[in-house]
Amino acid sequence: MIIVMKGPATESDIQSVIDKIRHAGLTEHVSRGTERTIIGAVGDERSLSPEMFELMPGVERAMRVLKDYRIVARDVHPANTVVHVRGLAIGGPELQIFAGPAAVESAVQMDAAAAIVKQTGARLLCGGAFKPRTSPYAFQGLGMEGLELLRDSARGQGLPMVTELLDVRQLEAFLEYDVDVIQIGARNMQNIGLLKEVGRINKPVILKRGLSATLNEWLTAAEYIAAGGNHNIIFCERGIRSFEPSYRNTLDISAIPVLKRETHLPVIVDPCHSGGKAWMAPALAKASLAAGADGLLLEVHPEPASALCDGDQALSPDEFQQLMTELSSLAAALGRPLA
Amino acid sequence: MIIVMKGPATESDIQSVIDKIRHAGLTEHVSRGTERTIIGAVGDERSLSPEMFELMPGVERAMRVLKDYRIVARDVHPANTVVHVRGLAIGGPELQIFAGPAAVESAVQMDAAAAIVKQTGARLLCGGAFKPRTSPYAFQGLGMEGLELLRDSARGQGLPMVTELLDVRQLEAFLEYDVDVIQIGARNMQNIGLLKEVGRINKPVILKRGLSATLNEWLTAAEYIAAGGNHNIIFCERGIRSFEPSYRNTLDISAIPVLKRETHLPVIVDPCHSGGKAWMAPALAKASLAAGADGLLLEVHPEPASALCDGDQALSPDEFQQLMTELSSLAAALGRPLA
Amino acid sequence: MIIVMKGPATESDIQSVIDKIRHAGLTEHVSRGTERTIIGAVGDERSLSPEMFELMPGVERAMRVLKDYRIVARDVHPANTVVHVRGLAIGGPELQIFAGPAAVESAVQMDAAAAIVKQTGARLLCGGAFKPRTSPYAFQGLGMEGLELLRDSARGQGLPMVTELLDVRQLEAFLEYDVDVIQIGARNMQNIGLLKEVGRINKPVILKRGLSATLNEWLTAAEYIAAGGNHNIIFCERGIRSFEPSYRNTLDISAIPVLKRETHLPVIVDPCHSGGKAWMAPALAKASLAAGADGLLLEVHPEPASALCDGDQALSPDEFQQLMTELSSLAAALGRPLA
Amino acid sequence: MIIVMKGPATESDIQSVIDKIRHAGLTEHVSRGTERTIIGAVGDERSLSPEMFELMPGVERAMRVLKDYRIVARDVHPANTVVHVRGLAIGGPELQIFAGPAAVESAVQMDAAAAIVKQTGARLLCGGAFKPRTSPYAFQGLGMEGLELLRDSARGQGLPMVTELLDVRQLEAFLEYDVDVIQIGARNMQNIGLLKEVGRINKPVILKRGLSATLNEWLTAAEYIAAGGNHNIIFCERGIRSFEPSYRNTLDISAIPVLKRETHLPVIVDPCHSGGKAWMAPALAKASLAAGADGLLLEVHPEPASALCDGDQALSPDEFQQLMTELSSLAAALGRPLA
């Protein structure tokens, strides 16, 4: 902890800060400048908080030196963590594509989607059974039936299945259906109960970034999962909220190199949700890989125009095929083969 | 639904849009301008979505005409709704102050807080038993014990009790302890499971605004509660995320007049969380009432410097007393007595 | 300057930082913690920049201790500065209202506006002669003729005149027409040439906040004016850019108490531009005064529906009269009479 | 223009809107829905503004159908515009790299920079002579002397020169020194006087995006230049302001595909300013090309650690060389050779 005193702080103000540091079992280091006195607290700063000092007379501000996250930090685990899903490696040298429709609608739709995913070389099948919709009057997903349809199509093609967990009460069903990768959506990034629950199991978790979460908050949310014992965490950037009305969200491409530096865990990107328009997805998908992402989560729907949810952001089978071809040569140029 | 065609849209593009509108059971209204053709879909537009049209050739964009929320809209219920809590009226002519510490810490602390609240003329006692903390290593609240301490102090002073519900699994305990007002926090504004559950019961609910929720999203989240049958909803503005680093959040004062126009439900403000510093709270509290808020949620702690959570944003008893005096004369000038 | 070293920084990394500090003529203060070493640079830190250190091996980050602004800071000038305009005091105990139409359109319009302003007790007449419009095809103002009309109407009622300076080449005309208060608009808050020019003259300057300027950037922009010798600066908050589409801009009410603490200069608010709708202005105007603003800049137009510019945000004479009455009782309750 | 009436609008409200449309010389098209009446105004909508209608009783909102920009729109000019600079084509099939230091410091520095730029295959030499600094106490650039040093180094290597114009009063010197590409910086994106002046000359202009400018505002700012007769405009994305504190700005990668669709003019990206850290530049540079940018503006400094300005975001000669190699193979995979 560093405590910066105000210009006119008195000796007694300084002494009070020192007393508080010592009282917490740390030692102080005082540096008297020409305009400001700065006090460092040496020791385990987790017993201190900036608030404890910022309320004291003569204190201008107090700052933590250490970060809020530990287990997920690259500092303490310099090598990349590879998350394994039914034999696939996520976060290793190969790039991985997760793909499927936003919502599970029917057996026909899911079988068609699974076939496309399989045949283009994508490796994991996504599909939403429980849908978090902004409006209570919008389609909320097929629920358990959706989970079953997703499983059947995935198993039929030998693909791992990926789906979103909305509520702690659904977790049992997710385990029963043996969901391979559990997705925590943007709206639930700080749903503490949910984070703690998936921290207790041993399934890989995709943690999407909250719409206006800072990287620090995102990494700290992951720490909730990791602190429970589950280190199989995959970060997924999906666009942040900005002032720009031309797209649904603003893909934060800068988050990729910074996350890759801050954490040892894999980082993927969801370009379809981010842009909100299928025609934007190829540019954003390519940019994401070029920026260093370990994979992509793509929406593909056998018939986007008749989708029950988010149809305007889903790629058609032809568009998806075309994009996979482009990603493949891009991946080669980046030295990371598309699995 | 209004569909704006692109400049070079063909007759066949236009016809396809018309066919789609008719197919959904609505009728079209075509307006051919010099540069653009505009098509209106007349009928119940809830069977349509902008996406259905934006994917079609020749379409530039499609817009809903109606809003996503109904029950909470002032359009359909022009008079103010007054929410009643143990004889107190929220959203009526009188202004109401909710107050208490961020977290329940001990019986001594809660009794002291309840006494201050009672004696200064605030009318509802708040206190967090379950705390949603950014970091897994921070104090997470006393849980059930906190609920009990809050209840005892509230009942001791004859004050209604207000506390935050974090997880659907806690709801039973909330009912058992007879929590008078259930708070849904900013992180859970779009926790659909939680919204649906509190929609099924008959307790007043404070719905805090998500950190980057638009007013439309916030109103639509309230619609989830209302659609379940519970219309006792109180909106609480608590600051939004912006680029400005000088305060924890940016109080969106403009939201107050707009919400009061858009919905018939009460609107209160939480100035302490918003600014994140106790010294900012008086200015923000006064501004909120002047802008038309129906009440305030204030943090007061018997001893802010030793608070286990958010101490830097809590008012001391003296500061709270002083603020209540100022609010009282302000309220009089605004023609709305402080209850 | 505080330099935080990375966990695994070597002794040689630390020594290099020390060498750099000494080389710049300052002395170091090294604090070795259990997890991080922190180095303080003691002396005049303006010869250092964080960048100089952040590029060095083993350095995690470097932070300035001092602020970028000096002359405008309350630290160095604790008492309020009162800006005087033709006998009016801005920033003193009395609240001041600046009012007029967004754009000067005609003698008839300006005479009517000046009469309303005078008669309701507002004290300064505003009107735009040069208009900074987003679109090149929108009305750009009457230019010199507008300046003349504004002057004639202002002088006719004995009111000081306030108008926006867009371009350094207009300054001579502003001096010739003896403009009493020069406004620098949001788009020009960091137009360095303009800031330097108004720093050289002795006229009061209203410096509006840039749409996404932090308070630090705003204060530092004012420092450009102050550094030139002109300390007659009035800050004007006019809304910031946010993600919320319901209003033109988001009035940053929290900026008022923070600015009043950080600077000794007066702070006013422009509620009409901020909300972008006349019906929102009363709520925002009252909130601004309640939050501690020293005055308001209000738009009033004899006939808003026929205004050439921003008509939807201008108050009609009746609305303005009504608002002034409300502000007057509010001001009394706040203990600051409306001048 | 589309005018949406409120639910309870009366016949007389509707008639008033119709009258206003006819009075402006357009014709109306009325569409009566079950819940809302919608009125289209057919004809040249530039004589109308949404404000004219939004103030009328019974009107919910009014929206323009056409965009604010014309000349720069791809609608009216479907083929790509290629901007030519001394024989180089910007916006054609080849990608172009603009490079140099943030600030011109000395002949030695500029000669070294020019040599690096030339030898790595970048094609245009940048360097700031007039620097727009946030603080008045920071290095403001060498001014005229800087212009001279830049010219000498550029001409010495046969490279076109690119530099920022801060003030209309510098334009004459820019023409005298025959600056090849004039840059308008982010802070000046809406400096109308400057835009109009560069619209009157025939030099290529790089128009950087304002920190919180929407794409519509940016395109409309370019329209100011184009309306003056100068169509040699290059858009440069350089990061927007967001809530994320980990980087200086947030590179808006989504802007690239949208701009390429909306305008026929070239689009480049400045990854160094955006991230604010040299180590982030390679990831952002690659992402920008992958997203479809026509080129990059990169900062390279012979000795970043001793740079007078923005040293932490400049690449060293080795880093620059390495990045150029990587960009070259990426460009090949994208089918657009690096010139």
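All chains are identified by letter, namely A, B, C and D, in their written order; residue positions are counted from 1 within each chain.
Here is the rule we use: a residue touches a chain if its C-beta (ideal position, glycine included) is under 8 Å from a C-beta of that chain, and two chains touch if they have at least 3 such contacts.
This is a predicted model, so every value here is computed, not measured.
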Practice task
Would you identify the chain whose Cα-based centre sits farthest away from the centre of subunit A?
Solution key: C
Handout entry: Chain pair repeating B-C, as identified from A-D, A-C or A-B when over half of the contact pairs by residue number coincide
Key = A-D
Practice task
Would you kindly tell me how far, in whole Å, the mean C-alpha position of subunit D lies from that of subunit B?
Solution key: 38
Exercise for the section: Averaging only over C-alpha atoms, locate the centres of subunit C and subunit D and give their separation in whole Å. Expected result: 26
Problem - Centre-to-centre distance between subunit D and subunit A (centres being mean Cα positions), rounded to whole Å - result: 31
Handout entry: Where subunit B touches two or more other chains at once, by residue number
Key = 212, 241-243, 245
Handout entry: Residues on subunit A engaged by subunit D in the complex (per definition of touch)
Key = 212, 214-216, 239-240, 242-247, 250-258, 261, 274-275, 279-280, 283-284, 286-292, 329-330, 332-334
Problem - Contact set on subunit D toward subunit B in their complex - result: 2, 4, 6-7, 29, 31-36, 38, 40, 42-44, 63, 65-66, 75, 212, 241-243, 245
Problem - subunit A residues touching subunit B - in the complex, by the definition given at the top - result: 46, 49-52, 54-56, 68-69, 132-137, 140, 166-169, 187-188, 190-193, 211-212, 217, 220-221, 223-224, 227, 241, 277-278, 304-305, 307, 310-312
